[in-house]
Each structure stands twice: as C-alpha cells, then as structure tokens.
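You will see two complexes here that share chain A, one where it goes with chain B and one where it goes with chain C.
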Partner chain A sequence: MADEREIGGRESEEVCPAPGRREAIQALAGGLAATVAVAAATALSAPPTEPAPRNGRGIQYGMVIDVRRCIGCHACTVACKSEFDVPVGENRSWVEYVEKGEYPYVGRSFLPRLCNHCSIPPCVYVCPTNATYKRPQDGAVVVDVGLCIGCKYCIQACPYEARFLNPITGAADKCDFCLHRVSKGVAPACVSTCVGGARIFGDVSDPESEISKLIASERVTVLRGEMGTLPNVYYIAADHTDSIDARRPEVRQVEVDNHRRRKHWR
Partner chain B sequence: MDLMIRRREFLKIGTAAATVSAAALKPAIAREAREFKPGGAGYSPLSGTGREAVATACAQCVSRCPAIGYVEEGRMVKVEGQPASIRTAGKLCARGQASVNLIYDPDRILYPLRRAGKRGEGKWQRISWKEALDDLAGRLKKLRDAGQPEKFMFHHGWISASADRLINEVFLPTYGTGTVVNQTCLGQGARQAAFQLTWGAHEDNWDFANTRFVLNFGANVLEAHTNHVALARILATGIAERRFRIVTFDVRMSNTAAKSNAWIPIKPGTDLAVALAMGNVVMNEGLFRGEGEAFLEFCKVTPRNDATVAEKVEALKAHLAPYTPEWAEPISGVPARTIRDLAIEFATAKPACVLSSRAVSSNYNGVDTERAILLLAAITGNIDNPGGRCRAVVPEWSYPKGPQDRPPTRRLEILNGFDGAVSLPINGVGHQVLKMIKDGRAGRPEVYLWYIYNPVYANGEVGENIDVLKDEALIPFTVAVTPFYDESAALADLILPDATYLERYDFEDGVSPSQVPEYYLRQPLVPPLGEARDFKDVCCELAERLGIPLGFKTGEEFVSKACQMTPEVADKAGGFRGLTKAGVWHDPGAKPAYYGYRREISNEEFKTSFLTEGVIFDEEMGVYWNWKKAGVASEAEARRVGYRRTPGAHKGYEAQLMRERIFIGFRPDRINKTGYFELYSAVLAERGLPPLPTYRPVPEHAEMRAGDLVLTTYKVNVQTLSTTQNCKWLTEIYFDNAARIHPTTAREHGIGDGDRVRIKSKVGEIETTAKWSHSIVPGIVAISTHAGRWEYGRYASKRAPFGVDDAPFDRLKWWPTNGTHPNWVIPNSPEPVSGQQRWGDVVVTLTKA
Partner chain C sequence: MSGELYWGLPVIGYLFLAGVGAGAVTVSSYVLLRGGGGRFAGAHFSLARYGALLGPFPVMLGTGMIIFELGRWDRALNLFKLINLSPMSIGSWLLLLFMTITVLYGATFLPPGAHRGDRLEGARRGLAWVCMPLGIGVAVYTGVMLGAMPSRPFWNSPILALLFLVSSLSTGIATIILGRALVHRKGADRAAEKQFHESGYLLTVSDVMLIGLELMVIFLFLMFAHLTVGGVKEAVSIILPGGRMAAMFWIWVVLVGLLLPALLEMVYVVPPLFYHRSFAAPRSVEVVVPVSVLIGGFMLRYVVVVAGQITGPVGI
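Take a look at the complex of A and B:
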C-alpha cells in the first residue's frame, strides 16, 4: 500500500512540470482502489503509538475545514484575492451560504470552498498538454500557465467548479494551496487569516501532523465523495445541502447562495 | 436539573429556531497545525521572493486591527494580520484584507481640486497644494482675525487616535474653534450616554474567553462591531468549542444569530421591554443573591447614597414589579416562558455576559434600553468581572499638547440639536447640524470642512442634506478632505486629497479583549499616491501659515513624540523605533483589569497619601474630588458650588464614600456623577427623566396604520458603512441590498419575490427590489446600509469622473446593480435623551413599483 501512495517519488522540489510526471499520473490512476483503502485506514485505524514509517511515503497536502468554527466572514475569500490578485469575477476560494427552513425555524450555515487537490483529479486526466498536473512532491494539483492553452477541458471536468479561465492570463486558474508560502513554512493565506480558526492545513499522509490527528478523531466528509475523486479537503460538520436539494419540490425552502454563483450559475 | 429540562423544552417549543447545526454536533476541540507559521512573512506567488513586511494597522473600520503590510518593488501588494497582536492573534477580516483596493482605486483623487462650475455641477479644476492652502488658510485667518474662529466648522467620522488628538485637541483649540462635530450620534451615541450615566466608561468589553453564557441583544459580533476581529474570533471559538451557550435577540437572523444556539425573533424597538422583564424575574425569583447582591453594594438604586443593600433590593423589586414577562410578551413578541427561562439561565450561569449594540439602542428608547441591559448585568454580578461585561481597557497615550497660551475656544451652538429636543447631548447631535444650519437661528459656519466623513450619505434625509450643502447662501465655503470622490465631495468647493490609512503614521488605541492594553502604531507602507497628503500634516502646515505653530511639523513627528512621552512605550517598547519595528506591544506581566472599582482606600492610605493637595469631600454626592484637577479657581469656590454643579468637576474625581468605606468606584467620564454604578441616575432625575430604566414605547409605532411597516437597517461582514464600496474585492461579494421582507408580509402587500417596490416615509421615497426572506420577523423591511451609491468610483457606483482607465480590468466588473441607499427615507431624528440617530424604528409604507 505504501508503494501506491508514493506516486512518482518525492525527490523533485521544482514547481515546473518535471519529466516523468506522466508516469506518475498513470501510477496514480492505477492505484485508485488501493488509495481509497489507505485513506480509510488513515482515518479509522492508524495506531497512534506506532506511526507508519515516513520514508517512502509521499507528502499529500490537504486541508480540514471545521465548519463549526466558520462564521462565513469571507476573510479567506478576500485574502486569496489579494494573495494572487485574482481578477474581479473569479475566485480561487469562496464561501457558500446555505439557508434553510421557514420562519421561525430557519438556519444558515457556511461552506468554504476551494480546489480539493484530489488524489484522483479528473482535471489532470483531461488536460491535453499536461499543463494541469499533480505535483509528485506534495500532491498539490497545479496549473503550468506556460503550457495551458486555455481549452477549458479541465474547467468542465472539475466536479467542484473550482476552476476558471483567468481573464488576464488566459490560462486555467484555481487554488494552489499557496505553495509559494507553504514552501517557505508559512500557512496558506486563507488559513492564516481565518477569523474563526476553521482551516487547518498540513500533510494528510503524515499521521503525526495536526491535520491527520483531526481527520482521525472527527467525523469528516468530503464533497461529492461519490465521484471517486478522493478530495484532500475534508470538512467537519459541513451541511451538504446543495442546489440540487433546493430544486426538490418536497424540500420547501433551501437557498444556496454566494457571489460566484450569482455571476456564473444564475 | 429542573433548569436543564426546561432549557431543552424551550429549545424545542420556543418561537426561537434553534440553529440545529450547532446543537447536534459535538464540540470542536482546540487543535492548531504547528507545522506552519501563521503569518508574518510574505512571498511573491510569481517569483517566490520575499516581500518587505511593514508593521501597521488597518482602518477599514473603527476596530483598527494591528496588521502587516507587504510591499513589492515599491508597490503595496497585501495586508495581513499581525500575529504578535493579543487583540487579533494575526487575523484580519475581509474588509482589512481588501485594503489594497483603496490605495490603488483607479478613481482616487490624486490632486487638490477646486470647483470650476456651480456647486455640485461636477466641474473641477486641478490646482496646486500651495493654491489650495493659500485659499483655505486665508479664509481661516480672516475668520480668526475677525474674532469668529467658531465659523470654521470641522466634522469628522471615525478617525485614528492620533488624528483625534492632533486635530481635535491641539490644532482646532489652538486655532480657536469649538465647532467640532463627530459621528458618535450615528452609531454609539445612546450606548455611550448610557455608559457615561451609569459607570463612566464610554466603551465596554465582552469577556467571551471566561464566560459561561452569552445573552445577546442584537449585537452582530460576527459581522460588524467596533472591536470586530478581536471579539469575533473569540466568540466563534467559544461557540465551536461549546464553552458557553449563546442566545440572540434580533429582528433578523444575522450571521451571529445564525451561529447562536438560538435566534429569538423580536419586534423592533422592544428589547427594552424584554430586558426589564428579565430584571423582574431575577429580582422576584431571588436570583440576585450572591454576586448580584454583592455588586449592589456598589450601585446607586435610590436617591439616597447611603441606602442599604436590602433597601436597594426593595427599590428594584418595586420598580420592576410591573414589568413581568407576561407584560413583555405582547409588546416584544417573545413568549413569557422564553423570557423567564433565559433570565434564569443568565442569572445562574455565573459568569454570564450580556451584549447589546446600535441595533437596539438606535431607537426612541435607546438610552434606557442600554441602561436596562446594564441593570441586568449589575443585579447578576456580571460587571467588570471575568466572563462578564467589563469596562474597556485601552492604551493611554501621552502626546504633545501644543501651545498652552491660547484663548478659550468659541463655538456655534448648532452641535446639540434644536432646543429641548435632546436632554443630555453629551456626545453631540451631529445629524441635526445641517438642519440647524438651514434654520440659521444659532448661526452658520463660513467654512465647513469634513474629514473621513460623508455628511450627505452617512446621515438620514439625504435629499435635505444635498439641498443644504448645495446652497452657497447657507454655507459659503465647503472643503472635503478625502482620498475618494464621494457624494459629499461632489458638493465641495475644495477637495484636498487625503492619504489613505496605509500611507500615514498614527498611534492607535483599540480595545483589548483580554483586558490588557496593547500599544500599536500605524505606519505608511508606501508614500501617498500622487499629491495626496496626510491631513495631520496639512493641519500642521495650516497652523504654521496661521502663525500658530503647534510644536511639531508633521503627523509623524507628533506620533514619534507621543512614543517618547508615553512611559510604557518609551521605556519598555523601545519607543517609536521599537514600536514601528515590532508593530505592537503589551506588558507580558500585566494582569487583566477586572474589579477595578473595588479598590478600597484604607484608613492608613487615607491618612498618608490620599488627601493630596486639592482633594476635598463633597457631602451631597459623597465624592472625594480634586478641585485643582477639575480646573476650579479656588478651594472656596469649589466648596461653595459643589461637585455636582461645577462644570467639569468629574475630571477631578478621586473616590466615592460608600457607607463608611471609600472606594475608587466607577470613575465618571463626561458628567458629574457619583462613583457608584448608577442604576438610579440623579443626572436624569434632575432633567425630569425617569431615574431608573423605564419602558417607553416608540410613539410612532403606536400610531401605525394597517399595512405600515418598520424599516430597519443593518450591516454585513464585507462592507463598512459608507467607506468600503470602492473596494472591488468586497463589492463583488456584496453589491446589492435588496429590501428583505418576510413572505407573509410581502404577500399581504401583494409583493412577489424579486418585485420592484416603492418604500415611502414622511421624508422621502426609494425604489428597490424586494427579496423574500424567512430569516426576518414579519412586519418589517430590512435594508442594509452599504449600497445605493451614486458616486465613489466605478465599483461603488457607475460613475468615475476622475478615473484612469484600468483596462483590461474594467470590463470584468460584472455586477448589474449597486443597490439602493435606505437613508433617503430615514428622518434625521434624535433619541430624546442622548441625541442618537434613530435608525431602527422608522415607519414606512410599501407598495409595488
């Protein structure tokens, strides 16, 4: 199993695509079933006293979003905008509002969103130029702006609407886990400013990391698990009510809203 | 046990919708990834190179959070939180994160402008600073030479601590004008007046870190507050980790209400009834025993200062007797059972914290609402204690006071509203100023200068504001000091381009949630863009030109001198240099300030050190005060006139005699009150007002006809009042403020979801879009105060008269509307005690457009 996790080795530290990346991706695709098993094992039964050997195991960056702590403040949304000067109308990170019920029995919850940095990333498979790839050294899914031809296949392929075509660069764009910060030991911009302290970032394949301990001890979910994409962004206490529920006739009052939705999906 | 069961029942059957998500889950346990630094360093995402980090402070709102700005090749690229701050722990909110948008707003005013056409016509001529200041200084000099400095009127919004000291306490008094107007009356006026009447402090702090129960009257801590990030982060954590329960009364489900264990809908303007009824329960069920009883020692409850606790208890019981929960139910719409249960929960949580806000005090009965809430905290012993409501702790800056040989200032009597309308305008009634100028009987200014303020847009009755400002016969010369072309600047004769807050030096004094003061500075990340200048510098130059040099030449020098003069900063924080480098400083050994009022003057101390030069005892009030510090001419005069009647006597307050013992007590701030926590206010009694908090319904609500609605305004988490709409990253998230209406109410008025509607009041009408909402009480219409701009640049409005092309970004602006400003229909109407603007109880009609 450990072999399967070690997608493509982790010697390479460079951000640009490296030779041999294709192979890594194939290995990854082949290892689907095994990876699922590992994820389950990590979550459920990793013995705390005996950490799995780290050598030979790839880093997989991930994030836990503890929705109990989220106050829907959008500090993360805007921190991300300013970190990357993301053009107006697009977002790498955003917060959905889910409002349910009829007066006075109403509730509102928040769902911070970003790229899931999937272990089985559909965007990677459809990219005709290898511009989108999963970094072997840390599992982040990134876009090489130089190689991207703006064909939007990846944007269509992503089940999470995490991608957009950057109107300034003309390339596909999305969250990259702030690798320029993380590589210097600083937390991603959204994590750093999160007013509620809802975001925990780290290496999900290191059982000693805080994020792994959290995943192990809490009931976590991922978005659209049925898609088999194996997201690396986990949620605690997320309300997964979505716009599909909002359209169900028997569900009387559900509203899923955010500015990104207003622009793109209304 | 009994209580637990009742509490559970209440959650099930109350009118409140318990937000189930919080209740059904297990609490979060504190766990933070230690593998990554939380911040404090920045890198370019393109090149990976480090960015220059400059410690500074945000000023997108009045919270003024410590921050770090990042600069890349001379350009400001990012603002983040200051991890070393004990207030914010390195967090900034969305507004703070969008600060970059301000500096580089493509519609920013970069040069002094002089009106070229008619006032308000929108024709401008670029002039030099020399021309601009020649003109302004010339006018100011003329007024001063003529012995009429008061005809220079200065009006400001939220300004930094150093700008307040430099301008309000040094420059303007040296010049000689006291015609100075602030905007307290638009937000915190009623709360502050209630505080000043009751416990002297003018700000409070909510000790979420130590509390066990939070009772919230309308505060939207998680979205907007005068100490926003500092409080929101601790409240959010407390809720997630289930350290306490929180219950929120509000007319709409704010995000704070949504995150609370229960949201209790309440009719607008009736929180006072609920607070009084809770007081009734606490007194009748004996829940004041213990901490509450002990605190009553320090309270004034009757006209007599030497009443026993038993007498005070009887007086409170008698006063609150009519205010039963059953009485409050039809008034407020909150079931009596809910009121009773919450009163019990609040009184028995020990400690518990009660919150309140502008939302409940910007009504006809605002001051008494706040006083009733303070009463509730007092009789349960939740004042100035760990976990309760505390007097705010802020850093105490010393600063150069300027020339002292100045004549007394003169002022126009237009600051406190019309005669008799407001009993106790301690903080001014700024929203009446334009009306009073129009009226003219109390005189008119010749020069009206506003700074970090937008009189047209920020007040009610926008139409009248425009008419008055446009009229040259009423105000001959108007000056706007602003970086941005807003609705008021459009009506100025002269625009002075101000530096944004990331281009200037300031010292600041935000409230510490942990009751330990934090000293911090703001410093420029980049030099002011174009020819913009910090207005503090401009004031220094004006003073030089007027021949009244202030003793320092720039804002920076003023701030640096303040650092030298403030002992903590000079001795321990490394002075100006040390503080600009570190950004923030607090004394790590300092103990949180609680129970300060309990400090007793022992017999020993009384004999040896207490009775210093000038300290005398006032029999009537039981106050020890220093007549010298109060500025009285002689001891004989002080004794003859007495503490109560000597103007400014409170400045000399030393301690309070409380039945044979002397305590520091609650030091007065603006009025000559005793050192007691005055539930019974002699100051109000003197003015013929009820001395104990008393229910008075909103008169206009009693006269409502069928179909009339109450309009209420509110704030959201990504905008600040009228200041942030030019930030594109914020406005793309929040650009529209459709009128929110309960579906039943909407149907009664024949209004569908999304219909265009007309909202009318006695002062105006607006057209907007209706949005059905289940998270709002029936019978009201709620419109946020953040939209509907007709100037302020391309992102806030559709106009950009001074804009530079920002292609290819311009075509990316996608939002189709900029909403509708509610203030066109809100009268400028003072709460009768403090003069607080009444935002929350306006009666309107609603029809399909």
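Take a look at the complex of A and C:
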C-alpha cells in the first residue's frame, strides 16, 4: 500500500501546476493553453526511467470502502473536518446510517461517503469556468477556488450530493482525496484515521495495487451505477437500502440518517 | 428527498426576467423584419419599438440579480475568461452579446420621429437579424441549463427548454401588450385608433396560439414523465394531483397563467376571426391579460426550479 502511494505522490508533485500558475494561464489564453501547458509539463518533468502508463492509462486514484469493517464511529468525518477546517453544518466525508426491520429482526449498516471522483464527472461538464476539473495526472476531481464563481451548478449536477457551497470562501467545496497529503506519500486523513481499516486508498488503474486486487477479488458495488458516472469509490458489502426503499409501503421500518444535513425518512 | 434550495428567488427571478426580455426582443425583431409594409407598416414599426425599448431592461435586472446572488460580483468576470460546453458558459456569452446588441437595437428606435425607412433603418434591420437568434438563444439556454443534469430527474427533460422558449415568447408579447395599454392615449384620429387595435389583434392572436402551444408542451412534459418509471415519474408526481406543489402549479401556472388569459383573449379574438368584426379590446382586458400571463410565467419558473431541487438526487 505504501508503494503505490509513493508512486502516486511523486507524479502528483511533479506534474501538478501550482494553483496560481494555472489561474494565470487560464486568464491569458483559456483551456487550450492550459492543456498544452500541462502536456508540456508532463513531457518535461517525467523522468526518463518512468515506465509508460499502465494499460495505456494514467493514474486514477480511487478508494475501496469495506463496509464490513466500518463501525460507524465517524472518525473519518471528524478527521476530514479538522484536516480541512470544514465549516459547521457541512462535510466533505460523512457516514450514513441505515436502520431497518422490526424487533427482534433488525439491522443497522453504515455507509461512509465521499466524492466518487467519477471517471465521467457530471460536475465537471457543467462548470462554466473550468474551475472544477478532473486532474489528468491522477484522476482526482478538484475545485480551483480562484476560478469558481459560486454559481452552484456543480452542486445541482452531482448525483451524490458530494458537494456544498463553502460559506467562508463562497466557492464549491468537496473531497479532494487529500492531495496535499497524498503528494507527500501520506494516506488521506480519513484512511489514516479509520480504526477498522475500512478505507483503502490507491491507484485503481494499477493492476498490482492493493486496491485493484481487492476490486478484482471481492464483490464490489458503486453508488448509483445507473447514472453512468463511473465512480472510483467502490464498496464491499454496502447495503444500498435508501430513501426510495424507506417510502415503499411493503418495506417497513427503514430509517436512513445521512448525518449530512438533518433529514429523516421513515 | 433532498430539500436544500441552492437556487432560490434570485435565480427564479432571473429565469423569468431573462425570458420576458428575450421574448420581447425576439418578437420585436421578428415583427420588424417580417411584418411587411402596406397598411400595417406603421403599426408594426410601433410594435417593434415597444419590444425593442422594453426588452433589454428585464434582462439587465435579472442579470444583476444573479450576479448579486453569487456573493461577490467580481467573480462573475471569471465566466468571460473562457468558453466551454457548459450551458451556463454558452449562456453567459449569449447574454453578454444579447445585452450589447439589444441596447444598440433599442437605440435605433430612440431618435424623435423614428419611422420605417428612416436613415437608421439599415442599422435597425441589421441589428434585428442578430437580435432574433440571440433572443431565442437566451430564452432556450435557461431550459437547456436545467435539463442538462441527469441527477435532477424533474429537470432532465428535453422538452423543458421548449417550454421555456414558448413561455418566453408569450411573456414577451404580454410585456408589449401591457406597455402599449399603459402608454396609449385614445386619440381623435380614427385611422390611428383602428391601426392600434389592428396591431393589438396581431399580438393577441399570437399570444393565444403560443398559450395553446405551451399547454401542449406542458401536457407532453407531464405525460412522458408520468408514463416512465423510477426517478422521473416520482419527481413529476410532485406537481400532479396529490403532490406537494400541485395546487401551486395548477392554480397559478395553468389556471391563472394560461387558461384565464387564453379565454379572455378568445372572447376578443374569435369574433374578428370568424365573423369579420373589427378587433377592439378594452384597456382593462389589455392590462389583465398580460399581467396574468406574466404571473403565470413567473410561477412556471418558480415551480420548475423549486420542484427540481426538492425532488433532487434520490437513491444510493
């Protein structure tokens, strides 16, 4: 696990243009210039010994969440909030609770949530200023606060409610896979803090990575696969019981508490 | 169901006002270019003048509202650093062009004694040819913007943009009717009075047809959403009988905004159409009809924008 983090870290550090530079380039000549600059930076800074991207693909960071190991303790929620000083009332990562059944046949399951860093991200396609974009070097979907105008279009477009408007910056905010940590070879805050080891982070396009082996060998699901967004956060043993089920008359006693904003269904 | 309204009254107001202004300018330039000459020439020029002078203001007011809504107005400038395929990006550029061109277009009507064939006619017609597609673009893009998101099943319909376009044209005509009714003073000149009513007939007949088309589009929107299964069906049930926003939709949008003005207009349109009577609607009707059309246009935006957000992403 440490290996692939370090590989990812090196790439991220070298290829990622500083926010200021990116903004200046955008200001001068728009998206085309930025693309050219990123391509040029890749060509210039890639060490000659670096192997070609595996399977013709670059790095795509992803996460596997093994729900069997989750105890619903919210340590990831708290670690994320303190890591980014997320304003009260909002979360970049959170844990949803699903309770169902009637005594004595009852069940409770947890669903840790974060941005899915989709391979086809609807938020990116609607952003009018290219402030939110999928990083070509590692596949993380991030927000450039300097370009974001706070129009909230991406918040509307996300099928996972993974985004919110940061009341302090006035810009869209979301999970960024802790790129500041990953670039130093450290795991994201939620992964480091998880007491049960339920969160596994890595490069899903590297077939040798721990995360790829897990995805290959376990029965994994993604959230709302029917949306066609190709999420890069996979779940093992997730209970997909949701608010739609809670409203079904034939299924009794389902309560979903997403701990994001105060909402209850019964 | 998620219940958070990220887009509230400023955005709803903008969608309505931009539609009104874009509709008025589109109708104005269409009448100017295609109104023809003959005995209608003067009346058509007058109609075009109302649309050209009234249209730019609601668009500017609405644009001001959404820029204010962003929190920091200067950030809106980031929209003009680039253009991409986001409907909002294309819409922003359309809006910028629209506001620039319509101000120039309106200015060609301003000189005292402006009339058809005066020395500004060339510029006026040239600008009108640009205004018409821009107006349609501004009216349509708002619907495309909402419709572009699979995460919002209520909005994710290709017919929403057409609904907004038809509603824009209808509310644009209503603005011209209202402006005429408020400004017009009864003169002693019988010919001028007859011409005023004849051009009123043109507006009213067009509005009846647009309202009919709008009812048809609403029917198709509801029917196709209701006949599917899953998120879209569930989302549209909010405005179908029994839904939380049903009363608001059927009373304010359909009854007040469409059926009432259409019936009132029919009372004055049918006799000239079938019995060769001359059209003459009293001023009270020419105020009530456009006001109810405008209320309906606003409530349509209100219901659509709110319903789309409170029926928002469902499932996991």
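Here, the second predicted complex is superposed on the first by the 205 of 266 C-alpha atoms of A that agree within 3 Å, B and C clash if a C-alpha of one lies under 4 Å from a C-alpha of the other, contacts with A are read in each partner's own complex, and residues count from 1 in each chain.
Please note the rule applied: a residue touches a chain if its C-beta (ideal position, glycine included) is under 8 Å from a C-beta of that chain, and two chains touch if they have at least 3 such contacts.
Since the model is a prediction, treat every value here as computed from it, not as a measurement.
Chemist: I'd like to know which partner A:Val220 touches here: chain B for first, chain C for second, both or neither.
Modeler: Neither partner.
Chemist: For A:Gly101, using the defined touch cut-off, is the partner it touches chain B, chain C, both, or neither? Pick first, second, both or neither.
Modeler: In the superposed model, A:Gly101 contacts chain B only, not chain C.
Chemist: Have a look at where A:Gly72 lands relative to chain B and chain C in the superposition and call it first, second, both or neither.
Modeler: Only chain B is touched by A:Gly72; chain C is not.
Chemist: If you stack the two complexes on chain A, which partner ends up touching A:Glu210: first (chain B), second (chain C), both, or neither?
Modeler: Once the two structures are laid over each other on A, A:Glu210 reaches chain B alone.
Chemist: Please determine whether it is chain B or chain C that touches the greater number of chain A residues.
Modeler: B
Chemist: Pick one for A:Ile244: touches chain B only (first), chain C only (second), both, or neither.
Modeler: So A:Ile244 only meets chain C here.
Chemist: Which chain A residues contact chain B in one complex and chain C in the other?
Modeler: 263
Chemist: Can you name the residues of chain C that touch chain A in the complex?
Modeler: So the residues of chain C touching chain A come out as 1-4, 6-7, 70-72, 75-76, 78-79, 81-89, 91-92, 145, 148-152, 234, 309, 312-316.
Chemist: Which residues of chain A touch chain B in the complex?
Modeler: For chain A paired with chain B, touching residues are 66-75, 77-79, 81-85, 87-89, 99, 101-109, 167-168, 178, 180-187, 189, 191-197, 200-203, 209-211, 213-214, 217, 236-237, 239, 253, 258-259, 262-263.
Chemist: Provide the residue numbers of chain A that touch chain C in the complex, in ascending order.
Modeler: 26-27, 30-31, 96, 111, 122, 125-131, 147-153, 155-161, 165, 170, 223-224, 227-228, 240, 242-244, 261, 263
Chemist: What residues on chain B touch chain A, complex-wise?
Modeler: 15-17, 19-22, 25, 27-29, 31-45, 48, 50, 77-81, 90-98, 100, 222-223, 229, 232-233, 236-237, 239-240, 253, 255, 258-259, 263, 265, 717-718, 728-730, 732-734, 742-744, 774-778, 808-809, 812-815
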